[in-house]
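Shared between the two complexes below is chain A, which pairs with chain B and chain C, respectively.
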Partner chain A sequence: MALFLVLPLAMMVYVSFWTQTTFAISSDLTLKSWKTFFASDTYFGALTRTLKIWLIVLAVTFALGYPAALFIGRYVKDKTTQTILLVACVIPFWTSFLIRVLAWRPMLGKEGAINIVLQKFGLIEQPIEVLLFTELSVIVGMVQIYVVFMVGPIAFMLARIDDSLIEAARDLGASSYTIFRRIIFPLSLPGVVVGAIFVSVMVLGEFATAAALSGRKVNLLGNIIVTQVGSLKWAFAAVVGVILTLVMALVITALLRLVNLRKEL
Partner chain B sequence: MMQIEQLSKSYGSSTALSDISIEVRDDEYVTLLGPSGSGKSTLLRIIAGLEKPDSGRVLLNGTDITSQPAHLRGLGIVQQSYALFPHLSVYDNIAFGLRFRKNSPVTDENLVKNAVTEIMNLVGLGGLENRSVGAISGGQKQRVSLARTLVTEPKICLLDEPLGALDANLRSSMTTELRRIRDSLGVAFLHVTGNETEALSMGDRTIVLDAGHAISFAKPDTLFDFPDTVRAAKILNAYNIFHGTASDKSFQFGDLKLPLPFETPNISFYAVRYDEFNIVSSSSPDALMHVNYLTQEFTGSSVTYFVEANQQIIEVVSHISTSDPIQYTLGEKLGLRWSSNRVLLYDANGALINQGKQNNEK
Partner chain C sequence: MNNNSTIYATLAVYLSLFLIFLYGPFVVMGILSFQQGPEGGPQFPIIEWSTFWYKHILGYAPPTRIAPLPIGDALLRSITLSIATMIVSTVLGTLTAQAFRRNFKGAGIIFYLVVLGMMVPGVLLGLGTSLLANQFGIDRNWWSTAFVLHVVYTFPFAFLVMLAIFNRFDPKIEEAAWALGVDPLTTFRKITFPVIFPGVLSAMLFAFTLSYDEFPRTLFTGGADVTMPLAIYGTFAVEIHPNLFAFGVLTTLFSFSLLTVYGLLMAASLRRSRSSISGIQEDIE
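For the complex of A and B:
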C-alpha cells in the first residue's frame, strides 16, 4: 500500500510545487502553479462548477434512486424477482461507457428525439436548444450513468430489514408514513451513504461525460487535468489532482460521519 | 373482553385455521397450546391484524375489529423474534409506541419518561435505558419486547411463544415474572406456546389447538387430569395412548388385554398417564402388561423409563421421592402395574367417555 498508494500521492504533491516552463519542467520548488489555479477564473470556476454539478447529480440520483430501491427492496417480496430487477439495472453496462454517453446526443439535440416528439404533439413551436451542450445535458448524462450505484446499496439495505420490525411498529400503532420515517429510512441510511460515496467519487473525477455532452463548454476539474496532461503541464495537472483528491477525501469523510458504517453493516 | 367467532384461514390448499371460536375475558391469562403447524401463530397474527382471515369475526368489547388496520386496534403483540428496532436504544425502543402511535401519541417527553421508567422497573430493566439493543442478553431483549408492548397499555397482550428462544433457566424465571407482571397490570394475556408445561403452569385457562381446530378449553388442572379429547391428551405429552378395541370386559391392544374400570363397548383409545404406571418384575402376579425395557432418562426429580410392547414405546415416569432409580438391561422383561380406575377412555371420535365417573370418584 505504501508503494502503490502513499508514494504516488506524495509524488503528486511534490510535483505540484515544481517549476513549469513552456517546454520543460524542473524540480525547483515554487508556488507559481498554485497561485495560477486560485487566481484564474477558468480554473477556480472549474472547481465551483464541479462541486455544483456533483451536488445536483447526487441529489437527483438520490431522489430517483431511493424510490426505485424502495420498490425493489421492500415491495417486491420475491427474492428471485428482486435479483432480476437488480440485474436489469446493470444491463446498460453491457455497452461501452462512451456509447451510453454519446447516445444522449440524438436524444437531446436540436433535432433530437425529445424535440421531435414535443413538436409533433404541438407542445412547442421551436426546438428547445438548452437540452444539449449545456450543464443540463451533462447532469442528465451523469444521472443516467450513476443512478444505479445509488439504487444497488440502498435496495440491499432495504431488503435486509426484517418484516417483523415493520409489523412490530404497526402493532405499536404507527402509521405507514411514521414507519417509513422512524424505522425504514434510518435502517437504510448505511445504503444511502455507500451509494452517495460511489456516486460522489465517480462524479467528482468525471471528465468524459462533460466533454461529450457539453461541447467542451462545461469544464470540470477532470477535464482540466486531461488538457494539462495533454500539453505536458505536469506541475499544473498535479495541482488540480491534489485539489481533487482533497475534495474527495473531505466528501467521503463527511459522508462517513453521517453514519457508523462499521457498526451498521 | 375479546371474542373470536368462527375464524377460518387457509393458505392455498392447506388449512391453517378452521372454524375457531374462543373467548378471552378481561384480566385473564389464557394459554394457547398447540404443536408446531397447528395454526397458533396465524391465529395470533389475525387477532393483531397482521393477517386477514378468510371468514369469521374478531370482536373486542363488542365491536367488530376484523377489518380494522393493525395500527388502530390497540392490541399488543410480542413476537417470538422480539423484533426490536436495532437502530434505537432500549429506552427509545420502549418509548416508540407512546411517541409515534397514530391514536393519541404522547407528545410530552416527561410523560413518556415516567411511563417508560415505570414499565422498565416493572419488567426488571432499570439502568439499561441507554444501552443499544444489540448489547443486551436474550432474556433482557425479551423483557424489552414485552415492555415495549405493555407500555402502550394494550387492551389485550398477545404473546407469540415469548419464552421459546430462552434457555431453560431463564424460561422458568420468566414464567413467574410474566405472571407477576400480568397480575400487577391487570391486562388480559393470550399466550401461545408449544410447550405443555408452560401452557399448564401459566394459564388461568388453556386452549388446545390442533391442526387448525380448537379442541379443548379448560382450566390447566382439569385439562391435565382429564383431557377431553384424545388429540389433547397426545399434545399434553403426558399420556401413553393405546389404540385398540373393547372385548369381553377388557381392552384389546394387539395381543394384550388391558383391564377396564367398567364395561363399555365403544372404546378406541386407552390412555394412562406416564406417572400412573409402576414397574414390577415380569413374574409378579400384579403385572397387568408385559414389556421389554429399552432405556431411561434421568431428569433430576424423576426418571423416565422407556419400555416397549407391541412395537409401541411406553413412557413410565417415576419420581425420585417415591423410589430410587433402578438400572435395567436392554431387552429385559418387565411388568407394568396401574390402577384401572385411573385410566382415561376415548371413543372412536376421540371424545372422553369416562369423565363423569372419574369426577365422581374424586
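For the complex of A and C:
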C-alpha cells in the first residue's frame, strides 16, 4: 500500500523540481517549473478558477442536497421507503460517469432540451446560448454528478437522530425552526462534513467534466495536468500535481477541524 | 401540526424535482439514442425514430462515414480488469478487515493509509505512478500499472464494507465451533463465511463497478490499449454521435441486470440464514 500510494506522490514532488527543456527532462534540481506556474496568468488563473468552481459546486450541492436529505432522513418514517428513495438517488451512478457527463450536451445546447421547453412555454424568445460550453455548464454537470455524495451522508446522520429528542423540544414549546436550528442541524453536521469532503476531493481532481462540457474553454488544474502529460512536460505536470495536493490537504484539514469525525461516527 | 404537513408537502415536491434533475439527462439520452441514422445528430428534434444506432454499435448497420465505437476489445479489457480487481480487492479487503478485529500496534496509521487510497484523486495518483514507471523503465499497461492502481482504489471500499461486517460479528460463535473441536477451515466455511457473505457480495459489487468505470487512473497508467472509459473519452475530442447515447442506454441496462443479480443473491442469502435459524429452533424444540 505504501509502495503504490505514498511513493507515487513522493515521486511527484521530486519530479516537480526537475529541469524541463522542450524535448527532454533531466533530474537536475531547479525551481524553474515552479516559477513558470506562478508567473503565468494561464496557469495561475487555472488555480483560482478551480477554487472558484469548487466553492460554487460545494455550496450548490449542499443547498440542493440538504432539503432532499432532510426529507428522506426525517420525514419518511418507513425504513423501506427510505431505502428505496436513497437507491433512486444512487441509480444514476450506475451509468458510466463519462456518458452521464455527455448526456448534458443535448440538455443544455442551443437546440437542447431546456431551450426547447422554455421556448414552447413562451418564456424566452431566443434560445439561451450561455448554457453550454461555459463555466455554468461545467458547474451544472458537476452538481448533478456529485450531489448524491452530499445527500447520502446527511440523510444517514439525520435518520439516526432520536425522535424523543425532538418530541422533548416540542413539549418544551420550541418552534419547528428552532428545533431545526438548535437540534437537527447541529446533529447532522458530521454528515455535512463527510459529504463536503467527498465532493471536494472529487471536484478538485476533476477534469473530464470540464473537458466535455466546456468545449475546452474552462481549464482546471486537472485539465492542465492531462495536457502537460500529453505533451510530455512531466516536470510541469508534477508542479501542478503538487499544488493540487496541497490545496486538497488544506481543504480536508479545514473540514475536519469543524467536527471530530472519529468521535461522531 | 398543520405547519408540519406543509413542510412535508413542500419537501416531497422538492424531492421529486430533485429526482427529475438527477434523471433528466438520462431521459434525454434515452430519447436521442433512437435518433434516425446516420445523418441524425445528437440533438433535437428527432428526425425519425429508428434503432439505427443500436445496430451501429452491434455492427449490423451498413458501413457509414461514422467509425463504429471501438468497443469490442475495450469492453473485454474493461471486464477482465474489473473482475481481476474485484477478486484481489475483495480478498485483500476481507483479510485486512480480519486483521483489524484485534487491536494491533500501528492499526491507526494503517487504517488511514488504506483509506487514503480512495481519497487521493485519480489524477494525482495516476500522474505519480506514471512518473515512477518512467523512472524505473516499467512499461505502462492496463494489466500491470493500471491494475495495481485499480486495486489501490477499490481495496479501501472492500475493506470498509468488511470492517463494518466484522464489527457486528460475534466472535463467540467461532469460539464455540473451535471448542467443539471443529477444525479452523471447516469453521471458516461453515460459520464465518455464511455470516460475512452479504458483506463479501457488497465488497465485490463495489470493487467491480468502481474498477469498471474508473477513468483518471487508467488514463495515465493504462498504456496504449484502451479500456472502455478511455474509448469513450477518446470520442470527446471529435464530434459525438447518438451511438454513444445508445451505448449509454445499453450499459445502464447492463448495470441494472448486475444490480438485480446482486439483489437476488442478497435476498437468497437472507432467506437461507433465516430458514437455517428456524431449522435450528425446530431442532431445539
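Keep in mind that, in the parts below, the second predicted complex is superposed on the first by the 263 of 265 C-alpha atoms of A that agree within 3 Å, B and C clash if a C-alpha of one lies under 4 Å from a C-alpha of the other, contacts with A are read in each partner's own complex, and residues count from 1 in each chain.
What we mean here is this: a contact is a pair of C-beta atoms (placed from the backbone, for glycine too) under 8 Å apart; a residue touches a chain by one contact, two chains touch by 3 or more.
Everything numeric here is computed off the predicted structure, so don't read it as measured data.
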Could you classify chain B and chain C on chain A, in the superposed arrangement, as clash or fit? fit
Once chain A of both complexes is superposed, is A:Val117 in touch with chain B (first), chain C (second), both, or neither? neither
Calculate the angle at chain A, using C-alpha centres, between the directions toward chain B and chain C; round to the nearest 10 degrees. 80
Partner, of chain C and chain B, that touches more residues belonging to chain A: C
Looking at A:Thr178 after the superposition, I want to know if it touches chain B, chain C, both of them or none. Which is it: first, second, both, neither? first
Applying the touch criterion given at the start, work out whether A:Leu246 contacts chain B, chain C, both or neither, answering first, second, both or neither. neither
Overlaying both structures gives a minimum C-alpha distance between chain B and chain C, in Å, of 7
Common interface residues of chain A - those touching chain B in one complex and chain C in the other: none
In the complex, the residues of chain C that touch chain A are 3-4, 7-8, 11-12, 14-15, 18-19, 21-26, 28-29, 32, 42-44, 110, 113-114, 116-117, 119-125, 127-132, 134-135, 148-149, 152, 155, 209, 213, 215-216, 219-220, 228-229, 232-233, 236, 240, 244-245, 247-248, 251-252, 255-256, 259
Quick one: which bits of chain B touch chain A in the complex? Just the residue numbers, please. 48-50, 69-72, 74-77, 79, 81, 83-87, 96-97, 100-103, 105, 148-149, 152
In the complex formed with chain B, which residues of chain A make contact? 162, 164-165, 167-175, 178, 182-183, 186-187, 264
Write out the stretch or stretches of chain A touching chain C in their complex. 1-2, 4-12, 15, 64, 67-68, 70-72, 75, 85, 88-89, 92, 94-100, 102-107, 109, 111-113, 116, 144, 147-148, 176, 197, 201-202, 204-205, 207-208, 211-212, 222, 225-226, 229, 234, 237-238, 241, 244-245, 248, 252
